[in-house]
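See below for the structure under consideration.
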Amino acid sequence: MTLVTLAIATGFALVLIGLLGALTDRNILRMIVAFTIANTGVNLVLIGVGMLPGRTAPILDEAVSVAQAAARIVDPVPQALVLTAIVIGLGVTALMLAYALRLHQTRHSLDIRTFTELKW
Amino acid sequence: MVSAIFILAIGLGAAFLLGLLRDTWRGLAYALTLAALAAMSWIAGSWLVALAGGLGPVEIRTAGFAPPFAIALRMGLPEAALSLLISLTGLLSAVYMRGTLMRLGRRAMAVLLIAVMALVGIVLTRDAFNLFVFLELTVIATGGLVLLSADPRALGAGFKYLVVAQVISILLLVGVIFAYHATGSLNIDDMAAANLVTLKGGAIAFFLMFVAVVAELKPFPANGWALDIYESAHPAFSAILSAALSAAALIAADKMLSIGGPEWLPVASSLGLVSFLGANILALAQDNDRRLLGYSSIGQVGLVLVVLGQRDILGASTPFIAGGLLLAHAVAKAGFYWLSGLVQGRSLMDWTALRGHPVLIFAFVTFVALLLGLPPFPGFYAKWGLVHALAADGRYLVLGLILLGSLIESGYLMRWFGYIIKRPQVDLPPLPSLSKRAVVLTAVAAGWALGWIWGEISGYPNLLLSIPLLFALGFLFIEWLPAWVKNLVAIAGLGAWFWYTFPGYDPLHLIYAAIILVGGAVILVASFDAKGRRVGFYPPAMLMYAGLSMLILAQDSFAFFAAWEYLTIGSYFLILRGKKSEPHALSYILFSLGGAFAILAGLALGAQGVLPFDVADLAKAPARLAPWIFALLAIGFMTKTAAIGLHIWLPGAHAEAETDVSPMVSGILLKAGLFGLTLLLMIMGKQSLYGIELTYVMLWIGALSALVGNLLAAFQEDAKRLLAYSSIGQMGYALFGLAMMNHLGWLMALMFVINHYIYKSMLFLSVGGVAKRTGTRDMYRMGGLITLMPLSFIAVLIGIIAVSGVPPLSGFGGRWIFYNAIMSSEYRLPMVLIFLSGPIAFLYLFRLIHTIFLGQLKDEHRKLKEAPLWLILPQMLYVAFLLGFAVVPGLALRHVDAYISEFFPAHALIWDDITITSTFGYWSPISIMVVVGCIFAVLFLWLLVLNHRAQKVKQFNIVYSAERPFRPETTHFAWNFFAPYRKALGFMTLPLVTRFWQAQTDLLHSTAQVSRRFYTGNGQTYAVHMLAFAVAVYLIWMGS
Amino acid sequence: MREELRKRTVTAPDGQTFEIEPLKDYFCEAQPQVQRPAYAKIVEDLFNWARSESLWILGFGTGCGAIEMRPLMTPRYDAYRFGIQWRPTPRQSNLFVISGYLSVKTLKRVIRSYEQMQGPKYVVGLGSCTINGGMYWDSYNTIKQLADYLPVDVYIAGCMPRPEALLAGFEELKRIIRAGKGEGANRYAENFEWYKANQKRVIQDWDMPDYNW
Amino acid sequence: MPFEWVQIPYALLTLFIVVNYGLVLTALIQKIGARVGRRHGIRIYQNYVDLLKNYALRTHITHGVMFYLGPVFRLTGGVGLLLFVPTIFGSEMFSNLSFAGDLILALYFVFFGSLGMALGAGESGHPYSAIGVTRGLSQVTAAELPLALAVFAVSLQYETLSITEIVAAQQGGVTNWTLFTNPLAVAAAMLSFLGSMMRPPFDVVLAPQEIPIGPPTEYHSAYLALMQTNRVIFPVAKVVIYMNLFFGGATGWGEFAVKVFCIYMVSVLVGVVFPRFRVEQSIRWFLVWAVPIGVLSIVIA
């Protein structure tokens, strides 16, 4: 098993664990944590997909010159995507946490089952 | 031209700028927000104008590189239109939310700007990952904007939304990365060009992206989270969610489909269909206004998805059709949500607050019409095109399901409208806010403008510009005038239009034109009786007349169908005006729309994609389809004539309508169905389906209608219901005559058209006048009115003699022609029913005249006056006409007779000076009149000589087994008049048809009630739904 | 007076209220007029013959004597031979057979039915009870002399008179009519006050118009 | 057939003959009925006497205009029905006013008198009148159906609606009568005939026990006389239609008298033997027994 496969497999495993947690745990905070785990998994998958074994990070500095870049570095796009995804994930997580706070303030509960007044 | 990227830049920049402002400078912040949104709208608008002017789509390369090295945006016509829609919705919502935004400050405004910007971004971007980013921005912004709501429940809804959004984002992100891996590009066009779905791993990558994007459409049933937001969010935000987000998500789905290729189109169609049907069914069970609108949104988006999925056959017309549906939906739904912000209560009944605010009611009507795709709105053109394309390509299942879904949708929307107009008004008046009202009215204006635009680009004559329609709409602007002025205008308009179009009619059309226009004017004379302004009467009435008069002028199928819709809608509003007419108006509009859909499907099948399609070309329909076309059209028309099985709407609708509306909808409107049938039979002739001749089936339907209609009429206690049931019977006769497909059968049917107009209008007017005076329609509560209301009595007397066909009045002519007609018909068995139903007519006619005018006068009626002059006047005109028509039927009929000879040369009548001769018999109306008149006069004189000194006695001076009557109520024999008859034949009046249709609607409702339990309100459950939905789509895809 | 005969106030559908007086509003109050023979004698003779040969009896058995009427319809007596028929409605009858004793309660109905018959009309008193009360001469609720209340044309004595006696009585009546003396309706109209006074004297609960058309 | 003024006295002559024939015929029929009960029954001229007596009554009441006009309608219906049908085949004199219309006119004119009468009876305000009318109307809906079917079958058979032509087609021997050429239609029509003659078992309309003679309860004097006149004309006129359609018509007054009597007797024979049906029973009876025969006749025709 190559590192890439391992990374991707681990990533998917994390996604599944995260989703399982998010879908089974009733506590809102733990759900949010589970989602961050899943997000991490997705990010790992992203990295893994862009990974080329034996190459270096796509940073043009002394170590890697522009001329060599095409041959030496891994695909930079997934890396960029991961960065964006992390930022967005952070934003969403922050928003969810804010929601969790407000929910707790108004209803004094963190159980997702208590917020079912809207239904049907 | 300003680059489209500035739309994004302005949104983003302004949001940043807001962050720099002091929190207390709220006015400035608000102004900045509005300015930014206006600027965004202006840029989108200028692009729209330019692109519509013929400019090609423009690619915008950010960072100066071509994809895949940089993100590309595209501004084409659809993008420009949707950008404008989104930014305008944002702008109007911002205006609408002024109070909320000012209270919450610049952060809220910034989030709003981000939301609009992100939505425009979704529209513009051609980059898959960029799409993800904008979607996530939308999610975050939505999460923020949900909190604008004053409803504390919004908090939970927002969180549920975020949970599901997380799941979606995981799917999307994984999909995007694998798609990138497979194609080496993030650009959507590159992915499409690389044929992503055929690459290794590409299919699953596409699947993930597709599911994620489709999930943003909130497809049924994975949409519980969205509904909670719709229900609890600020209405102006719901407007954005429903109009702008849906539009953005749809264009994203469209982009995905461009990657997926034709293989994925059926999947999209099925998902769309499930959404459209499922959401509409569930909406039936809703009583919260915003949740209902949410379901409706989901349904509409599903419909557009179906259109996208049918792109393979729609081809270049896809944007026109999808755009028509989408824009109509967006404008209507945004309008609805804005309107819901004016209404203070949240149940559907709380909307009764709108009553008494004609402008808001008009707004509501406009939105409903937009949603349902009624003419002249874009949805009408779109559905027309869609149905024709589907029919031409043989996608009957899709076609059928779309029409079914539309019918269900009209069901709950029309029911809601009925509540608003008729249910007890709640004590919560709509908010007085002027700016909010202005926003709603902007949506109304936008709706009409879209109607005009779609009319212009449709390739058909613009529906909005036809003179009759404009005339009808014109009454909206003179609603402030007193009723009698409007009535004069209406009568003059009908007369002028008849005068203007007169030279163009052949005899057949002339009969219908005369009944509709001249006959309509005569009935309108009765409307002079109305006092005050009578708001809301003339626009629908004239809309109905406009539809009718356009119907008989229509040449191509489009004009025909549009006219059909007009008259349906107009008459619906008219019927709804009656006191207790709410449920009946609803069943009327449902049956009518169902019938209209059948007609639409029939016309589309006939056209086979060739548009515009001359109705007369139905004759050239391929033999394989012809019987089906015939059946569909016949069913549609028979819905209007209330043939048995489709009749249950009629009694209530006609009986509960206002006094002068009943004759309109009975005397005139029913003729629209007959006109359609006449055309149909004239063009398509006899058709066989599986060896059964369809005209033969119609013969049976006509005969059964005649029998059951008459029988039920005999058992009614309510005078107007009696007349209504009698109409079913009469229309059965006419249908029977037409279906005989011979010369005299047609002549009889046309004679029925004239006769039925006259006597039914007359009877409805006189009975209406009596009901007005007595305050009841129950016949057993009346009695003995002959001396108090002699003119009404004469009208009814002449009317029932004419209806029953007793010589010497004109009804006999119809019977005589009927007998001659059946002599030359090949079919004999259905005659048995007709023979049976003939005498039954006597039962209800005698009941009508006896229980109202004869028998015992009641205490409280002893001082009644004759019906109002304006009601009597048209009746007397009818009496005169009936007598005249009885003596010289040839005046009208001989021309028709000659005209029919063109189609059925055999068995024409011979019109000598006073005798009319057929192949089998002869008939001399004048001689009959003279002979009967002379005998009657002689005998009357003889009786006068003998009994001229008769003592006039009073009503209790009757022999009463040596006793005397106690009260008129117990002496008037009227209730359950035909008890023995009920014993003998009552089994034929079991309400089987009503039960059948009741069972259908019950089934739908219980389905809705059971399946809505599926939405438990738990965010986790919704996330599970989401995943299950993904799996289901996967299975569908694997299966297809 | 009975509830439904009293004045009552009703409300019309248009909201206006007014009074109703049933005896005035629902019943004709006209008095009976004397109707003299109007045509030439020969015509009147013809009419009288027709009247005598077409006796339509009101099918109203007022007392036990009604039992003696039934045999008249049977093959044994067959009154139809003599132009005698029974009609179920007073409007079409011209002969009222008071069949035996007449209780006061029935008298009221008899008066009503008699007045609803169209003239010329005839009354036959059947049995002793109609002549002097018969065995009920001292009864508290039976009238004694029919002629005090209605213009009787013929009495048929007996208790009961047999059908043959009835037939004989009818023949007598025919003779009277042919002679132009069957003017009971006119006698009733001429002496209307007297008859009414007699009637009202025995009928305590008089709750109808003076003349029942 | 063009109109000539001389047809009016001819028509009046027909009327005169039929009135007298009808007066005697109905009395005779009643006598026959009485004989079944072993009575002598009324005198043969009794109808004249009754009529005269009713015309000679001195007092009359009226309940209103329609009440007044009811008997006029009634008799107009009878006279019109008689005159719209040619009485004697081949006779210019006694083809009456049949130029005004054909068989259909006659069939529909039947209702003219009933309708007017029903209205008049209705205005009397008497509940029994209305009850009688509803019974009559109820029964007639089912009773007329076999006749309508039979007429349809016969007119299909002869391909004409003209009564004269139908009679003409039956000339030349008894076997040419519709009775023999189309027995099913005749059977159906004769069953219907029973229902329309106001004789047992179908005379519940007049049921004297429940609703003293039904519609005419309030009628008397000249009103009643007009109706009695109609009572003698109308059945004859109706029988004339049957005679023309099914029994070869009549070529002279002698044949007319015999045929009308015989056809009339059918209903009498049935009537004296059977008890009375209730309305719903008679409706069912017609639908179950008479209508199928009629349906068979038009299917075969």
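Order of writing sets the chain letters: A, B, C and D. Residues in each chain are counted from 1.
Basically, a residue touches a chain if its C-beta (ideal position, glycine included) is under 8 Å from a C-beta of that chain, and two chains touch if they have at least 3 such contacts.
These figures come from a predicted structure and were not determined experimentally.
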Where the centre means the average of the CA atoms, what chain is farthest from chain C? A
Centre-of-Cα separation between chain B and chain A, whole angstrom: 50
Centroid spacing, where centroids are CA-atom means, of chain A and chain D in whole angstrom: 99
Counting in whole Å, what is the centre-to-centre distance of chain A and chain C, each centre being its mean C-alpha position? 113
Residues within chain B bordering two or more other chains: 951-953, 955-957, 959
Touching two or more other chains, which residues of chain C qualify? 89, 91, 213
Multi-partner residues of chain A (each touching 2 or more other chains): none
Full enumeration of touching chain pairs: A-B, B-C, B-D, C-D
Interfacial residue positions of chain B with respect to chain C in the complex: 773-776, 859-864, 951-957, 959, 962-968
In the complex, go through chain C and note every residue touching chain B. 2, 4, 8, 10-14, 16, 18, 20, 22, 25-28, 30, 60, 89-91, 109-110, 112-113, 116, 208, 212-213
So, in the complex, the side of chain A touching chain B is made of residues 15, 18-19, 22-24, 26, 28, 31, 35, 38-39, 42, 45-46, 49-50, 77-78, 81, 84-85, 88, 91-92, 95-96, 99-100, 102-103, 106, 112-113, 115-120
Sites on chain D touched by chain C in the complex: 34, 37-43, 46, 49-50, 52-53, 56-61, 208, 212-213, 216-221, 224
Sites on chain C touched by chain D in the complex: 33, 35, 38, 46-47, 50-51, 53-54, 59, 74-75, 78, 80-81, 83, 85, 87-89, 91-92, 94, 118-120, 185, 213
